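Consider the two complexes below, in which subunit A is the common component and subunit B and subunit C are the respective partners.
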Partner chain A sequence: MASIEWKAIDLLLFLKKFIPKTFYGKIAYFLLLPGIVTVGFLAVGLVYLGSYSIFKFDPYHMVVYTLTSENYVLLLTNPAYLTIFVRTLKISLIASASSIVLGFFYAYFTVRTRSSILQKILLTSLFVPFFTGDVIRVYGWLIVLGKNGFVSYVSKMIWGHGAELIFTETAVVIGLTQVLLPLAVLMIAPAITAIRRDLEFAAMNLGANEFRTLVYVVVPLSKPGLIAAFVTTFTIGVTAFAEPDILGGGRADFAANVVFKFMFNAGAYPQAAAFCILITLVASLVVFVVLKRIGLGTMMYTRTGR
Partner chain B sequence: MALKTRSLGKIKPLLIFFVVFDLVLLFLPTLIVFLSSFTESTMVAFPPKGFTFKWYTELAVTEWFLRTFLNSLYAATFCTIISVPVGVFTAIALNKYKLRFANVLQIYLLLPFTIPLIASGIGLLFIYSRIGWLGSIWPIGFALMVINIPFMIWGVGACVNSLDPNLEHAAQSLGAEEIQTFLYVTLPSLAPGIISGALLMFVLGLTEFITSMILVTLRSMTLPVALYTSIKTSLSPLLASVSTVYILVAVVAVLLLDRFVGLREYLRMR
Partner chain C sequence: MMTQEKVGRRGYLKYAGAGIVVVAVAGAGAYYATRPAEQTTVTSTIPPKPDRLIVRAWGGGWQDALAEGVSKPFTEKYGIKVEYDNTEDNILQAKMRELIPAGKEPPVDVNWTTTTNAFREAIWGFATPMSEELVPSLTELHDAAKPETMEGIVGWPFVNAYTYTYALAYRTDIVKEPPESWMDIWDSKWSKSIGMYDDGIGFAPDVTTKLGGGSIPDNMEPGWELLRQLKPNISFTGEDPDLTTGLVEGHAPIECTIPTNAIEAQRQGAPVAWTVPKEGVSMQNDALYVSKNLPESRTYWAMKYVDVAMSAEGQTVWCEYLGCPPMNKNATFSRKDDPAFPTTAAHYEKMIIIPYSTRVENEKDWFARFEEIMA
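This part shows the complex of A and B:
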């Protein structure tokens, strides 16, 4: 085995001789190539979306290659689509905000607790649902909130009549918040870890109570985590598909559901593309404003500049 | 489980309230799915009636489950294997070298997270149909790699950051040249990051839904997509047993993650 290993290394060293010396100065850029190509698929995909979105749709020929703005005009003037657009943004903002509030306390407690068993339990409870995937969790919520489900059963026991939460926007908010919660915690926790405990003690020594310390010291200092949590949960929320479809039952459709219908029921590629571009624009705008004002937070790939 | 956090003081009840609420929220659907998979009735309802393993024995002979589960495993494995070199090289380049346009690069490499998945999926669909990648399973794996690659770069990046450059210098002053230094010093010290990133890539690939749904055909159907289609049309507890399989996979993955990397690492600053 060892001799094969040495031969392989010798071969690599031999090949290395053929690499021109100028390469070494630029090695970082060569290392970046695979990553750039990988993400390039998404960039090229966006270009495709952009170009399809300005083509004409014709039910018979599907795509007619003449330039038009009618796809955007249709989406921005038809009240049905506007409603869906507004609902997508509204519910994903609510779910994102709820997951951040709920996640902040969870992250703070997990980081600050001195019991390592408790810490492990809290982390496990976070990772198991995160690793279970959203379809299974949405299915779980369907059983919990559904007609003969858990909530309905409990409500019958207490009030004598079932509670119908399923197929409402509330159900979508609950499901989406839960799906986003682990991500929010994982983004916030490192920022809380980075806050020195002394700062909290200092605030308390100066007379702040625990609550004020939390609001005026911990929350502002965990901003990098809160930002990263907002950006990730919001962009995932905006593109939610299973939650509105299964828990909303067609009564709380999101943009993604409409895009899917355009695409695969009507074959209306240009309209689907235009809708995709609109969601991407709005999501990027929100992200851009946040990042421009506050920075990448715990989403940073590197430590420099922090 | 006594809390030794004396200084939490007055906000302790508030914290405990939120944490308990979160735990209920996190576990309720999982728990109910798990319980439902043992019901004797032919429809999922609460409370479950009786106790039986029949849905699991039926699962073992359900063709669509086995086929799509294998497809998912294949796609997730492909995604994971490809993501390792991509993530390692990118993380090293970003963290060890001074790059021009470093900020632009960071934002570019975060595109998988900032472009809504539905747009990523449909963009990939246009590309795939142009270059003839539709219908096979490995392109699904490739797509999963593209949309989740930030997790790999973060995982490895954290290790590159904590890597002591003196180790590499020591190896080189002892006569190792660059390739040997990379293989025998750099790569092993990046192992925890690679393992944690790879596990995340694998599990997220196994459960990914939106992009897969856009890209799969009947032949390359993955399990989450098949499950979703069934949820829409069926109330059979069989689906609860399918979900339980996923929950078990998740539990095993979390145990592995804790064993090899330590869950506590996720609390650290990257």
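This part shows the complex of A and C:
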């Protein structure tokens, strides 16, 4: 096995002879290639979307290659679409915040617990949801929150009538939070691991109780993880489809659901493309503002060379 | 010592960005430069048999019905296996929009889809026209099986396979008296109790416009206003499986759905019935067609598949299982006395029928309006 590795290194050294010496300092830049290819594909998709969004819709031919701004005008002036935009952002922010709050405590407990068995159970519980798809998890909530589900059953026992949670925005928030929670934990846990336990002890030695230690020491030092968790959960939340579709039942549609209906029910590619471009811009703007105002999250490590 | 030209990080990223833009523009250019393919020609000589045919079908009971009524006798007769592609019809349409104009082979040989989709796809030239010589069972069909004619639609680019209605289905344990009028469902006692399709199809604007005293497509505002008033009573909107689940789980004890979903709910043990209210119900069709850009042998045998599907024997089993009135005049159908499965002139009087050309022309606006009200 080792000989194969050495042969590979010999081969690389041999190939190095063919690289002009002027390139030696720039080899590292070539490591960016996979990222550039990935972003390139995204860019191609955005160019397609952008071009479709400024063409006209025709009921018989779907797309007529005549330039128009009517798709954007329709989406920006119609109160119904603005409602869907606002709902998408509002529920994504609530679900993102909920998953970060719950995820913070989950991550803290997982990192700080002294019981290795408990730590393993918490880590396993974290990864189990990744083995099932979003749709399966959301269908689980459909059963739990449904008219004859567990929540309704408990509600009937206590208040005498079933809870009307299914097909509401609340149901979407619950389902989305559960889907985003593991991602939030994964983003926050490394940041908490990096906080030395001594700092918490020092704060408590100086008279801070556990709550103040958490608020003034642990949370600020977890900022890189919290920012990363926000960016990840918010952007995934904004593009959610299954949660609003199944748990919202058409009564709490997100942008993605409307794009789907524009595209696949009506064949209105231009409107669908315009909607995609607008939601991409708005979500990017929110992330940009957060990064600009609060910081770069985990990327700070590389910037400061820590 | 050689002077090394400095290319900084920003410079590198600038060049990379420029490269991405070039790739994107080149990709888009290549896409738009793609030329349509020549039309498939079909001869009446018998070409060699393919190993299999691929048929697009809705899954679950829909596919089972097609397998039992059409694919099984087809395989027994010709020895060609049939496989299914369960891609959602509208998603397959999007794929075919990419493949067929580029001259590529589509993923399915026979497309089983809604007539509205088939109508649009025929206009785009996605279908290979069928002849009565290759598909003899076309001569045994009711007039309603033939596609509506308009520019781009001549002869048999597709065939309407059967009819279906959007009836009022309900849970008999919750709705004690069958509603006689659609207006009954506006009663506030049915708050959060109604289910319908997620684009309103079959109910809005078909039924709502009639109830509001308007006309399609010129005077639809009264109907949209009625839908707005019904909104508090709407529990959810969804697709066929959601509507079946809605009846089974009781999420929506009243639904505007095709009876096939209600029959499926019955099969799953739910106490479900359906009715045709006095104002009538929307009636539409599903269709079959043979895709364009197929090799000649597959085109030929795909047409033979359609022939079996439209034969009296095929229609009897297939349509019986689906609960949809067949188009073949010689096929038998057990539910012929139920107006939700129209077979007689008296039944047809209660049908709300909108021409497919009107549907295709206005559907996008109707869907958008439905979405606006539901938002």
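For the reader, a short list of remarks on this structure follows.
Keep in mind that, in the parts below, the second predicted complex is superposed on the first by the 256 of 306 C-alpha atoms of A that agree within 3 Å, B and C clash if a C-alpha of one lies under 4 Å from a C-alpha of the other, contacts with A are read in each partner's own complex, and residues count from 1 in each chain.
Here is the rule we use: a contact is a pair of C-beta atoms (placed from the backbone, for glycine too) under 8 Å apart; a residue touches a chain by one contact, two chains touch by 3 or more.
Not measured: the values here are computed from a predicted model.
In the superposed pair of complexes, A:16 makes contact with subunit B only, with no contact to subunit C.
Of the two partner chains placed by superposition, A:180 touches none, neither subunit B nor subunit C. Looking at the shared chain after the overlay, A:29 reaches both subunit B and subunit C. Judged by the touch definition given at the top, the superposed model places A:274 against neither subunit B nor subunit C.
When both complexes are overlaid on chain A, the residue A:129 reaches subunit B alone and has no touch with subunit C.
Touch criterion met: A:265 reaches subunit C, while subunit B stays clear of it. In the superposition on chain A, A:171 makes contact with neither subunit B nor subunit C. After overlaying the two complexes on the shared chain, residue contacts for A:251 are found with subunit C alone; subunit B is out of touch. Among subunit B and subunit C, the chain that touches a larger number of residues in subunit A is B. Look at A:194: by the touch rule set out above, it reaches subunit B but stays clear of subunit C. Within subunit A, the residues touching subunit B in one complex and subunit C in the other are 29, 32, 36, 39, 43-44, 46, 48, 148, 263. Looking at the complex, you find that subunit B touches subunit A at residues 1-5, 7-11, 14-16, 18-19, 21-23, 25-30, 32-33, 36, 43-47, 85-87, 89-97, 99, 102, 105-120, 122-124, 126-127, 143, 145-147, 149-150, 153-154, 157, 161, 177-180, 183, 203-204, 206-210, 213-214, 224, 227-228, 231-232, 239-240, 243, 246-247, 249-251, 253-254, 257-258, 263-264, 266-270. Within the complex formed with subunit B, the residues of subunit A that make contact are 9, 12-13, 16, 27-29, 31-36, 38-39, 41-46, 48-49, 52, 102-103, 105-106, 108-115, 117-120, 122-144, 148-150, 152-153, 177-178, 181-182, 186, 189-191, 193-194, 200-201, 204, 209-211, 214, 231-232, 235-236, 238-239, 241-242, 245-246, 255-256, 259-260, 263, 272-273, 276-277, 279-280, 283-284, 287, 291, 296, 298-304.
The residues of subunit C lying in touch with subunit A in their complex are 2, 4-5, 7, 9, 12, 16, 19-21, 23-25, 27-28, 31-32, 88, 90-91, 93-94, 97, 120, 123-124, 152, 192, 198-199, 234-238, 242, 249-251, 360-364, 367-368, 371-375. Those residues of subunit A that touch subunit C in the shared complex are 21-22, 25-26, 29, 32, 36, 39-40, 43-44, 46-48, 51, 57, 59-62, 65, 78, 80-81, 83-84, 146-148, 164, 166-167, 249-251, 253, 258, 261-268, 271.
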